[in-house]
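Order as written gives the chain letters A, B, C, D, E, F, G and H; numbering starts at 1 within each chain.
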Amino acid sequence: MDARGIEALLRAVRAGELSVADATRRLKASPPFADLGFATVDHHRVLRQGHPEIVFAPGKRPDQAAAIAREILDRAGRVLVTRVDGAQARAILDLIPEAEHQTTARTVAVMESDAERAPGVAIVSAGTADQRVAEEVRVTCRFLGFEPDWLVDVGVAGIHRLLDRQEVLHRARVVVVVAGMEGALASVVGGLVGVPVVAVPTSVGYGTGLGGLAALLSMLNSCASNVCCVNIDNGVGAGVVASLIRRNEPGSFFR
Amino acid sequence: MDARGIEALLRAVRAGELSVADATRRLKASPPFADLGFATVDHHRVLRQGHPEIVFAPGKRPDQAAAIAREILDRAGRVLVTRVDGAQARAILDLIPEAEHQTTARTVAVMESDAERAPGVAIVSAGTADQRVAEEVRVTCRFLGFEPDWLVDVGVAGIHRLLDRQEVLHRARVVVVVAGMEGALASVVGGLVGVPVVAVPTSVGYGTGLGGLAALLSMLNSCASNVCCVNIDNGVGAGVVASLIRRNEPGSFFR
Amino acid sequence: MDARGIEALLRAVRAGELSVADATRRLKASPPFADLGFATVDHHRVLRQGHPEIVFAPGKRPDQAAAIAREILDRAGRVLVTRVDGAQARAILDLIPEAEHQTTARTVAVMESDAERAPGVAIVSAGTADQRVAEEVRVTCRFLGFEPDWLVDVGVAGIHRLLDRQEVLHRARVVVVVAGMEGALASVVGGLVGVPVVAVPTSVGYGTGLGGLAALLSMLNSCASNVCCVNIDNGVGAGVVASLIRRNEPGSFFR
Amino acid sequence: MDARGIEALLRAVRAGELSVADATRRLKASPPFADLGFATVDHHRVLRQGHPEIVFAPGKRPDQAAAIAREILDRAGRVLVTRVDGAQARAILDLIPEAEHQTTARTVAVMESDAERAPGVAIVSAGTADQRVAEEVRVTCRFLGFEPDWLVDVGVAGIHRLLDRQEVLHRARVVVVVAGMEGALASVVGGLVGVPVVAVPTSVGYGTGLGGLAALLSMLNSCASNVCCVNIDNGVGAGVVASLIRRNEPGSFFR
Amino acid sequence: MDARGIEALLRAVRAGELSVADATRRLKASPPFADLGFATVDHHRVLRQGHPEIVFAPGKRPDQAAAIAREILDRAGRVLVTRVDGAQARAILDLIPEAEHQTTARTVAVMESDAERAPGVAIVSAGTADQRVAEEVRVTCRFLGFEPDWLVDVGVAGIHRLLDRQEVLHRARVVVVVAGMEGALASVVGGLVGVPVVAVPTSVGYGTGLGGLAALLSMLNSCASNVCCVNIDNGVGAGVVASLIRRNEPGSFFR
Amino acid sequence: MDARGIEALLRAVRAGELSVADATRRLKASPPFADLGFATVDHHRVLRQGHPEIVFAPGKRPDQAAAIAREILDRAGRVLVTRVDGAQARAILDLIPEAEHQTTARTVAVMESDAERAPGVAIVSAGTADQRVAEEVRVTCRFLGFEPDWLVDVGVAGIHRLLDRQEVLHRARVVVVVAGMEGALASVVGGLVGVPVVAVPTSVGYGTGLGGLAALLSMLNSCASNVCCVNIDNGVGAGVVASLIRRNEPGSFFR
Amino acid sequence: MDARGIEALLRAVRAGELSVADATRRLKASPPFADLGFATVDHHRVLRQGHPEIVFAPGKRPDQAAAIAREILDRAGRVLVTRVDGAQARAILDLIPEAEHQTTARTVAVMESDAERAPGVAIVSAGTADQRVAEEVRVTCRFLGFEPDWLVDVGVAGIHRLLDRQEVLHRARVVVVVAGMEGALASVVGGLVGVPVVAVPTSVGYGTGLGGLAALLSMLNSCASNVCCVNIDNGVGAGVVASLIRRNEPGSFFR
Amino acid sequence: MDARGIEALLRAVRAGELSVADATRRLKASPPFADLGFATVDHHRVLRQGHPEIVFAPGKRPDQAAAIAREILDRAGRVLVTRVDGAQARAILDLIPEAEHQTTARTVAVMESDAERAPGVAIVSAGTADQRVAEEVRVTCRFLGFEPDWLVDVGVAGIHRLLDRQEVLHRARVVVVVAGMEGALASVVGGLVGVPVVAVPTSVGYGTGLGGLAALLSMLNSCASNVCCVNIDNGVGAGVVASLIRRNEPGSFFR
């Protein structure tokens, strides 16, 4: 049961449509976590954070990944699994045939079928090779109810590509910048907008790129003070932070 | 001239209260930057980002810091200078007697005198030694129009200190976590709330704390996906990002 | 001959059941080390430390690993080989058919068959992907005579999973925390218990996780002062330290 | 009120010597933490961990350090402040005249006056320059009720200095090794004893010593599997861990 | 004797104005190096590289620095000493009264008095705090015969400051970019011009700026392929490289 | 349309051979960038920098790499793709049959067919294993219109191999040094010549070579002040910088 | 022609057995280096250093490695190629059938057939996994004319294995210590002997072993002052240094 | 009693000049170490290594440094204390008036008064700022009985300074290279000589010099295989290793 389910239940109680005893029974049937032996699935996360636990696949056996996904889907009605490899994707799709596999983003998801997604998030990515991470940001935002705009391949070596299309930036309430190499795009975008910029360094590059550390350091030391960062290649984190910024509601209503 | 000034001017034009010629003249008198010889003050930042350039004092001579502050104050009506040392603070106060020196935060500021500051930002700091940075966050938020709540010294070694007072977290729209040492507080807070968490690692610690790198790495690798980070000890950045999140408006209106 | 064997021998001497000459002969037949050409097996380790040398497999040829295991088993009556790959496991099982291969832990072991294992060690692991290392801790403790409790997948992003089951922590004399990512779990557990916490960072994570360094730094800088650390992924070390803490006897009786 | 106080109170209740109402009132008068404005003193730590919070002085103003020390002393009857500088020491001694200042260890403490301290902890330090950290270990152990043995200046460059006096090691239940430079002493001691070794790297050294990192890495990679580590120069942590190992009781009795 | 002196001498020989014997004698009087006991001054550098050895002052005693400067001045007719502290500057000025001390650049120099300096080098610096390094670039270029243009304080957080004045960039044959923090300015400038960009990272910044490493990594990983780098704060190196690029002559004429 | 095409067009306008209207139409047909969906090809780069965008292949799908190459070739009449793997090379050759695949350099290129390449660039490489990177430098220079000299395998361990052939260095206007291991060759060459030295560290080496970092640090700290650096293995960058140095013209003529 | 060949030639000249003209012709036929196109083989190394260039195979194509080996063998009468992979070994053996492939050491060599190798070098290795590197040391010493003693698997976790056999150390003139993990063995051996200790860190280990950096740092910071180091896994370097120490002759006789 | 004293004693026994009883008594009066409370002076080092313990002063109180020096001098007849600060030097000179203070080397020593020092060690230093470390090498060699040659300030930026004086290198049996910055001198010297090269990186440099790490990495990765390294600024270690190489005797005669 997610936050909206609980709210509906409580309203039904107040309206006298549901007895206290029944409401209690149903809430008890929604335990705070489920012990799968190899995993302790956090069912209360949807209450605390407005969305169910997002599953990080690496290090999990295919059958474990699938079982966790199934458990979450059954309780929360939707599920997102990230960084899946081929075997994990197959195992999940076997167990959850209605799931969709986004291959570039390396995610498997069941989203709300009738979602009308809200605008207000912009994604800006520096190069074609950053596409995998930018796709992960996009899938995550969509999972959380938002439909981002996306400027592709607008790195600072040809800055007119960005300046000519900056109206996309100006109508956003939060901008996610995805960039590898030297990550300078985050500072340039940060200087152009008056909203929070969530910067995602990517591991694109070589040599002193140090697997994304150069881009991260660049972003952390941005001379634009509206830039904050997430881990290298962490498209999910950027998508969650951007969506929560865009949602802009105080925490969760039930604790 | 700041965004509100320009908006007023344009409305006066539309209302026929001001001729186009006069409006043009006034706007021209508001140049995009001022060349002080040793600095190029960015007067359009208030238009792009909703607040004037915040001055980072280190590396500037006292007279340079004061002249830059004066220039900004004259155009924008308010100014914030950060990381001032004693000589810089004195030079600024000499030139701007109405400025206020916050000694713990190491800032000098002229704020809007009649500000009614909005709630919705919470600061959580891990130890008494993190106070300097947390104060910098607070001053920055106040400069930008918000009055944050603050939980002091609630590190995870005695986690009941945080759990017993988490209602402060639940009424916030954004939480700033300030922590040195291992920075675990960011993950714990991230797991408790459903809003964005802006994490500020501090240089508090020793040995393998590596001047704040251990805390930063901890925060970047948080298992809570709603955590984003700024540079070590970067209270200003966290204050700006949190305030922009809290403000939640699309960019700036004039570009 | 291990410590108990020697103790028995000496008691027999004192009781007059064994002549001094015979005892001497038998002890001499128990040389301090065995030279296998490619290895110098330390047979006195069981005397100094109460358990035979634990064999670290990487870098050894399958036949070398098997020969060393055989040599130790013949002298000490039990043996534990860690981090075995498939070829090494097969070679050992060929030479020692009674050995058992724990695939998740990547160990091969002959344990004392009639062991009644003592309680008092608790293992707490942060995520499903940390299971391999936590299993290595468990196998090691069992090899050394202890049967640990284990809380699985109780990372701090959903801290109620840990708080709801903390009675497991409170009946332990030593707690082993196994965590990757930001490793915050060690500090939280450290703050909840009054016994030593042995923290094992794991290489689970990506980007700035730096192969486990972020978790290690977090644990070394813990604000909880009862936390000590071992190397990244070093389940054996944690198991040995925890078992020795739990045993709590002064060193070895024979040197 | 510390653990013993609470135990006495509860026994008095069971014995009928104290009414439930009075016991409740007294327990309520022992709040879980005290809010000093700049600090949240954790009064329940003595219940969870068997000893009051140890105060880490750096970054605290002298008056803050003194006020926190006073608050803890008043509740728990003893207090230990570490890494004090001259001004902090003077401020604490002004407020707590009965405190004692250990200058080499850089600590100020009020210990239990009639303490009979238990044996079983051994400290081994590598060089004269490591003395400051080793003293911090000793003061911490004494504060927690133990009187350690100490082998001074027995680095491996002259290993007979250690081998000739190893009987000190063999009667200990836990050994603390304090070493800078290459930290090899931890492995050598680890190989000689069958008890846990708590290794404290020190910042003694230069160049590639990297402020203690070389010693730490050496200790973390010890080929002796009974070695665990704390942060560089962290004498307090080593003293706490060693004391808890030596005490060997399950956690705290009241939670 | 420098390259021009030697050229003049050889021309005099060819013109019959100087006997071969005299020319030989004079050339021999110009030894390849001078042994000062504590230094071996390289007098042939002017022949190999077109300018005399530039003296790096740190680590030299004031009297040593002065003696080396004197020796070079006597042979080459000009001298540049960099990174001088107060005592070194005084010692050099005592010995060479005609020298000039540039305090911001921390240099002491005797330049060619009648120099008509050539244009074609542009310096772009990111912030006021980068001024010391940019001044060192400028002094070096002037010492080598060029008079650079300089754009001050045009960091990317307000990119219009740079775009509005880019004509300075377009008339240069080489651009030196001086920037600390995240160093993004190098990539942006690199993308705007079709000439070599020599990037100088500065140590301006804090925390993860790592003393200039973040800026250096950013510059080394620039997505603009016309950017090359020198060491952190190495204004001299950038000035030499830029001047040699601008001079554009094959090596030295005498070897 | 590249710079020369535009220049021809403008001359035709001035000569009355082309109407202004036609010229305008043709220029408009040369858009500043092309949106391929997954890439934003920068067609103005040839105007800003004198050569079309060089394509970095890693991270691009074979069909993406080929489509981008085709797009550039169609506009600019030449194209260079670097770091191609086998699949990418095949895809490009399928789409652009006239392209040439340089296997050692890992490049695919269409160069100007009738190019008369200018001398003045010298490449010096330290060992046989550095050949791949040196070849990338050479191909890049050739693509940009220069034919470099090349000294192969002249590392400093046998310095006479370099000294005996230094006349190659002395006729160059810029020298590219390609070296792995300790990279000392850059300093030695830097000391021998009076022109700029562009140093390319390579990832050749092992252990503390740290994938080329040791060579890079050596080059950045060169005691020869005419050395500048590019990223590890960045043959393209070195080729571009060296070619621009050799060309020695102010920027681009059209902006 | 190697040093002995040249010495013989010169003696023949002095003895009148060879005309000066013939000697000159023969010496000229021994050029200082051979240009193979992809390599510049240093034939004078045998004169400068007493042994021909040792070939480092990685990064060379099999046919290149074989051609270089052949060239050296033809001039110097012996050759050593290190770090060969399978393809390289086969190519060399095809071209040089008399060569021998040492598989553990990963070397291919032609040694002097009638060599009587001198004693005086001792190798001490810490674990079975260090064997590959220790074998490389041994092959190198044998190639250079020395037959080392070797103590296998005597790591400090069981220090009696070393102490019981230290007579091997005491008859050596130089000791090579090969150790991974924490590398403590170098310090212990250094403290036991009065001769130079050449320490070779190996990449054996995991996690914070950092591919051998932990062992290297330990060795560089050794409290024994007779320890010097070579690169991680650099068995060849250690073998060369140890052999030159053992040879103890001033440089080469011909330069 | 040092090695020579013991040898004399044993010869007296063999010659019948000393009774076995007296010899035994005298030897017993020479204990293996002296316990000073804060230090355990290793008196057997002179037996194991041929020279008494060299005292490293940092971290020792002046009175401790002086007492340790006195103790060693009394037993061994000579003493060397390194890295002394002013207060330590004064304390030692107060206690040992015959000692000599070498201020550049920062050492205090009592050497053998009638020493005839042997040749065969050469020191080569790169710059004037490296002088402090090179002096420490020289003092150490002199303390151990050797008088080194020294080439000052011959860095590779002007390589003719070294090549013109290489005869100094060719008469040495071991060369010590002292260099900061990029440390290339070690490789160049290594390629010129056929004897062991002991490389000492110094902390001279700035920025990416990283306090000497760049020089160290350069030296460890030297393409010359006869180079070994000691810690940054470790002049003592280099002096000891070079002296032992030069002495070239098997270990110590008494163990």
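Note that in this section a residue touches a chain if its C-beta (ideal position, glycine included) is under 8 Å from a C-beta of that chain, and two chains touch if they have at least 3 such contacts.
Since the model is a prediction, treat every value here as computed from it, not as a measurement.
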Looking at C-alpha means, what's the farthest chain from subunit B?
G
Given that subunit A is a copy of subunit C, what angle of rotation, in degrees and a multiple of 5, matches their CA positions?
90
Interface residue identity across copies subunit F, subunit G - same or different by half
different
Cα centre of subunit B to Cα centre of subunit D, whole Å, reads 39
Take the average of all CA coordinates in subunit D, do the same for subunit F, and state the distance between these two points in whole angstrom.
61
Please tell me the distance, in whole Å, between the geometric centres of subunit C and subunit D computed from their C-alpha atoms.
26
Which subunit C residues touch at least two other chains?
48, 127, 157-158, 191-192, 207-209, 213, 216, 220-221, 225, 231
Among the chains present, which pairs are found to touch?
A-B, A-C, A-E, A-F, B-C, B-D, B-E, C-D, C-G, D-G, D-H, E-F, E-H, F-G, F-H, G-H
Which subunit F residues qualify as touching subunit H in the complex?
126-127, 155-159, 181-184, 187-188, 190-192, 205, 207-210, 213-215, 217-225
Complex contacts: residues of subunit F adjacent to subunit A
32-33, 35, 37-40, 42, 44-45, 48, 53, 56, 58-60, 64, 68, 201, 203, 211-213, 216, 231-234
Of subunit C, residues touching subunit D in the complex:
48-50, 54, 120, 166, 169-174, 191-196, 198, 216, 220-221, 225-231, 236-238, 240-241, 244-245, 248-252, 255
Which residues of subunit B touch subunit D in the complex?
127-131, 152-154, 157-158, 160-161, 164, 204, 206-209
